[in-house]
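Please find the structures below.
Same chain, two partners: subunit A is paired with subunit B first, then with subunit C.
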Partner chain A sequence: MNATLVRRLILMDLYLMRWPVAGSLLAGSVAIAMMPLGAVSSYVGSVCLICVLVILNIVLVMTFIVQEKKDKVQIFMLSLPVSTTQYTAAKLLANATAFAGCWVALTIAVVAVIDASALPNGTLPFLLAVLAYLLMYYCVLLAVGLASDSAGWHATVITIGNVSVNFLIPWLWSRPSIYQNRNSPFAVWSGDIVAVLAIEIAVAMAALGLALYVRSCRTDFV
Partner chain B sequence: MTERLIEVAGVEKAYRFFRLTNVSLELEAGQIMGFVGPNGAGKSTLMRILMGMARHDRGSVRVLGHPIPEQQAPAKRDIGFVSEDMRLHGNVSLAWHMKLIASIYPAWDATYADVLLDRFNLHAEQQIKALSHGERVKATLLLALARRPRLLLLDEPTTGLDPVARHEILTELMAVVQDERRAVLFSSHNTQDVEQISDQIVFIDRGRIIDASDKETFLDRWRRLHLDVPAGVELPALQDVVETRTSGQIAIVTTKAYSPGLETIYQRAGAQVRDIQRMTLEEIFVANVMSNRREQAA
Partner chain C sequence: MSTSTERLHALDAVRAFALLLGVVFHAGFSFIPGLIPGLWAMTDNSPSSTIGVLLFTAHIFRMSLFFFVAGFFARMLFHRGGARGFWVNRSKRILLPLVAGWPIIFPAVAAVWVWGLTRTFGGTLPAAPANAPAPPPGAFPWTHLWFLYYLLVLYTIVLTVRAAWLAIDRGGWLRRATDASVRWLVHTGATAVVIALPVALALFFRREWVAWFGIPTPDHSVIPELASLVGYGTALSFGWLIHRQADLLNVWARQWTLHLAGALAGTAVCLSLAGIAPVFVPIATGGVKLAFALAYSLSIWCWSLAILGLATRFLSHANGTIRYVADASYWIYLVHLPVVVALQVAVGRLPLHWTIKFPLILVVSLAILFTSYRYLIRSTFIGQLLNGRKYPRSVPRVLPQGNGDPHRPNLTTPEQRPLATLSGVHKRYGKTVALAGIDLEVRSGELLAVLGPNGAGKSTAISLWLGLLEPDDGKVHLLGGSPLDVESRRHVGVMMQEVGLTPELRVRELIDLTASYYPNPLTTAQTLDVTGTGPLADRLYAKLSAGQKRQVQFALAICGRPRLLFLDEPTVGLDIESRSTMWRAIRTMIGEGCSIVLTTHYLEEAEALANRVAVLAGGRLIACGSVDQIRSVVSRKQITCSTTLTEEQIRTWPDVVGVRGDAGRVEITVVDSEDVLRRLLASDQSIRDLEVRRAGLAEAFIEITREAA
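This part shows the complex of A and B:
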């Protein structure tokens, strides 16, 4: 009964999130399509893609988790025959599926466009490191959204997440192993890139794990 | 033997500025229990504990035979919960919510849902965000009632509603317990609503249950006596008198355990009983709360 109900809650949330997800896929596709059109278009397209994923991240977490708590929709959801743990799992899985689905689709599209166009494949590791950062940023905001009701914490994570990408990009370019291989016809997976990707994935997993732990320790859910 | 749908024993829950202290109550099938208290008395806290949304620090809670919060999910299959501050998803319609609830609860009664739609004057295709406060409460109540739960937990459902909407809701609640397997726990600070539909009444104030009884007993045992007290006569101090107000030679005595013998006691003391008034539930509630607060302060 309850696995079925949790699946139903996930599908319900995905239905409610369909417009932001569809809009992001459309806008992200347009941004990626701009990339092979020239140097300026490539830059604009990349920035637009980052913006699309950042906006989707914030909309999904703030509207479907934080606002749902604030608006007391959560009381209605918790009146259904689910435990608080099952409800949390359903929220996390639905939200993560919506974002990760978009992220995976857009990342595959970026790889396909770069591979099929005149753009050098050497930029792929750099782009994947930036895209993985956006995934990590989403996981941290999702974790804070699930674990905390504090608007201050949400604003802090959003601000740091948005600003940090401006430090990450120049820092990545400052790594010789990344910069020197940017025009290579092949993707070069240097130690720097692998380390960055590993850190991003570890931080994302740790944030989600910590959020689930904090949530499991809570005694009050509304 | 009558089945107990709610069993709460010695429940405590502490917050920084509020404490629910040693709360015990039982609700049997076929009953409507009115849970009355001022704002911040602990009504919603107890409701949320019963639903597993808040975990109590001490004591035990069983709902429909299931220990809470451990087995909240199976218990909630047969509970309809509505609270005044509960919201539905704003960007979808009531019909969408009805479809969701129907897919979760096998006992969903589509015919009864249609009857309630008509009775509450709701439009299924209307988006939730376009509903007024009263319509929203009626929509949540429709979703709870049409699943035909054995237990209805209603946390201030009539707050902020106009008299017609309140009447519609109270009428539906009274219809629920015509099925003697079902029960309603109904919290409110509106004593008129509680007096109208409840057969059991519990008063709560500052996190403590201060009195509990069936409605008729409450109304029978609380009385207000108007006395003429000649100069020099002193009224005896009686244990069940919760308040005595005097103005010149007139005294108004409120008692929580009226018996005809009380008149004799005052007459023997030299006072004359001019009038004995029954009290409304609201007057009983206020007198009860104030007397309890005085006892706590003493």
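This part shows the complex of A and C:
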């Protein structure tokens, strides 16, 4: 694979994604800054942070992958001396870099704020599991965006992804290891939290792998 | 995929894979669990079930796959050089290595064997067992070179059958029926099932069949083994048949997942029946034997077709490394056995795990074998013998555009060679036929106008040339390679009919970015100048009008200084000045040697620019030739004049095809202009402004497409 070509495609996409990413970083930072200000603002800040990451997820995938396919930008790109593998790799890497960069920055900020503030460190595993879920949700949507042209599939994944967060949070919170340690000054990494994190990462990787496979089998792009 | 002058990179790779897999097979043999001491030169002290499964799987298909490819290439050779050329070539490439190689390789193998057995049995050679079976009739220790002998035997059989076949089938109907049956079979996806049956029967009815080792290795007698003959003969004959319709390989390229699934399932069944560890005694006749024979034969062909499909799909392009390995693989296979076995003997008693010893044997032996090929064979008469050519000591790294083979003479001059071809291409969208067996080529330095009504297949043809679509059947070539080859597309410019560009970028940024994908692009200033897009340079693409967007798309198509330019209805939506600018740019590019494929609905555009015109309708090529040739298809002429005669009067005359009138002037389309002219002059003394002209491209196009409909 021609690394220069792929790098150029990635840089172009990152350039185009600069405003959504910058906006998300700003909004996410504000949300995190609200967390140590009190019980209500902690709740509001957490919800805002989740919303920021969900919106960024949908904007990145729907605008820079799905919409590009609809606008036939993909056909133009594939008519250039660019192979489908190079194009797919570039799209995946650019999109994932933009989201993951934002996600990592905001996650580090969350950890730093919890560690430095009066917020109990016992909530850290819970927050990380929720944030990892959002990363998994992004990977699944990215995979479906890359592999499928069906608006129905995109809408289904977005709906399930958005709704399922509402079930995940109370379910995670009710885990004994999280609930009992919520006010602990130390983060307790119990077996079920580690399992949840491992499943989230595995699903994310599997979704991306499957998308690349499906995409590699595709031969018609018009 | 072509079978005429182009090298078949995918099949070269498959043949190399099968041969190198043989090296892996032999390298792992000493690690097979339960190996009886004395059966192989060395029984390693660290056996491995993993290697057992690996070797079992590899051994299922490697030789059948090799014989299939051999059959394919044999027919190609036969049809290139005739019977005499075929046998001369085979004598050099097969018979001579066998006759000259065996006397060297056999003693080397025997010496290593003696060394190995001596070590295995604690320093002394074991005595021959008292109940050792008598040598078979015609006993001869071929060693692993038996495949050369079998190739010669099978070539003889196939050519004899072919001669008999031709004598019976003088009208060719039997061949057509066979081809049709093979084509149908391949398209159904059931090839493996049908082709496995003769092998399965031959194995099942073989007495004393050591099932774990599949098709018996016929390395000990000059009298051919029936089961081996059927197994490998089926493969070679099937390869021969497939060469008659080489495009069927593309069907397997689409079916590879199906065949791979079948191969894995079949192999799993075989292992469950025969066990992971080898069994060195014959399988008892019964249901298990039948099930094993069926599963094993099915696995042979599922593996073979999956690998052929994968190679066709992913390795059809010229690749210097694969080419080198393919050339080296024949030499490596011929001489590998003493090297590999010597290494097995050397490490067989070391207190190391097989995960260290097996890779060590492979790496060291391949290093020795590749080095010997590089320095002793490739540039010598032996290389000439084995590879068909002697490579110079230093070979240019860059393959030429043509056939990807630096040593194969080009049979045509660059001017004569088509830059892009569609050969027998079919393409459907669901039930809609977009192209139905199109043959079309683009020649160097020409502008080929592709005309046709909406839905004729023009844009589909361009998409196929660009690799955006895959043909259901037939061959597509672009600049001597596959349309999927990025290297070929570096010399191609494209303006598609319906594309989007990144709306957030400015025109200058789009040109900069697009030009950066090409090796020798125009500067941005040159591109803007040639296409008249200078005033748009700093505007956002999203803010441009539809016509301006087309201008920018044209600029992007030419900014890479292409050798071949595809323009799909480029002037739709352009104003007159922009169209003139584009025509001027197109003429300049043709003058500089660029070839252009232009699809358009504006026939005056084709008439003004094209050297050649191809007319498509209903997915078929219904006319192709120069503009004059196409016009001459319509023998009609048009007479225009001012007359007092009415349209109705004229319409009734013989040879008048149509009449159209407007304000005292009539336009008469005629078949024989002289007779109609005489009658006009006789009927109307006051006739004025008389003009006769030949039918234009528009009339010809309408006539041709109407007839086709």
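To be clear about the criterion, the second predicted complex is superposed on the first by the 221 of 222 C-alpha atoms of A that agree within 3 Å, B and C clash if a C-alpha of one lies under 4 Å from a C-alpha of the other, contacts with A are read in each partner's own complex, and residues count from 1 in each chain.
By our rule, contacts are C-beta pairs under 8 Å (C-beta built on N, C-alpha and C of every residue); 3 or more make two chains touch, one makes a residue touch a chain.
Keep in mind it's a predicted model, so treat the numbers as computed, not measured.
J.: Label the relationship between subunit B and subunit C on subunit A in the superposed model as either fit or clash.
T.: clash
J.: Identify the partner contact of A:Gly152: answer first if only subunit B is touched, second if only subunit C is, both if each is, neither if none is.
T.: Neither partner.
J.: Once the structures are superposed on A, label A:Pro170 by its partner contacts, choosing first (subunit B), second (subunit C), both or neither.
T.: In the superposition, A:Pro170 touches no partner, neither subunit B nor subunit C.
J.: Under the stated touch criterion, which partner chain does A:Pro185 make contact with: subunit B (first), subunit C (second), both, or neither?
T.: A:Pro185 sits against neither subunit B nor subunit C.
J.: Which of the two partners, first being subunit B and second being subunit C, lies in contact with A:Lys72: first, second, both, or neither?
T.: both
J.: Identify the overlap between the subunit B-contacting and the subunit C-contacting residues of subunit A.
T.: Subunit A residues touching both partners: 2, 5, 8, 12, 16, 71-73, 75-76, 78-83, 86, 219-222.
J.: Would you pull the subunit A residues touching subunit B in the complex into a rising list?
T.: For subunit A paired with subunit B, touching residues are 1-2, 5, 8, 12, 16, 71-73, 75-76, 78-84, 86, 219-222.
J.: Mind listing the subunit B positions that touch subunit A in their complex?
T.: 48, 51-55, 69, 72-77, 79-83, 85-92, 100, 103-104, 140, 144
J.: If we count contacts the way the header does, which residues on subunit A are in touch with subunit C in the complex?
T.: Within the complex, subunit A touches subunit C at residues 2, 5, 8, 12, 16, 68, 71-73, 75-76, 78-83, 86, 217, 219-222.
J.: Which stretch or stretches of subunit C touch subunit A in the complex?
T.: Touching subunit A from subunit C are residues 254, 257, 459-460, 463, 466-470, 484, 486-487, 489-490, 492, 494, 496, 498-505, 513-514, 516-518, 560.
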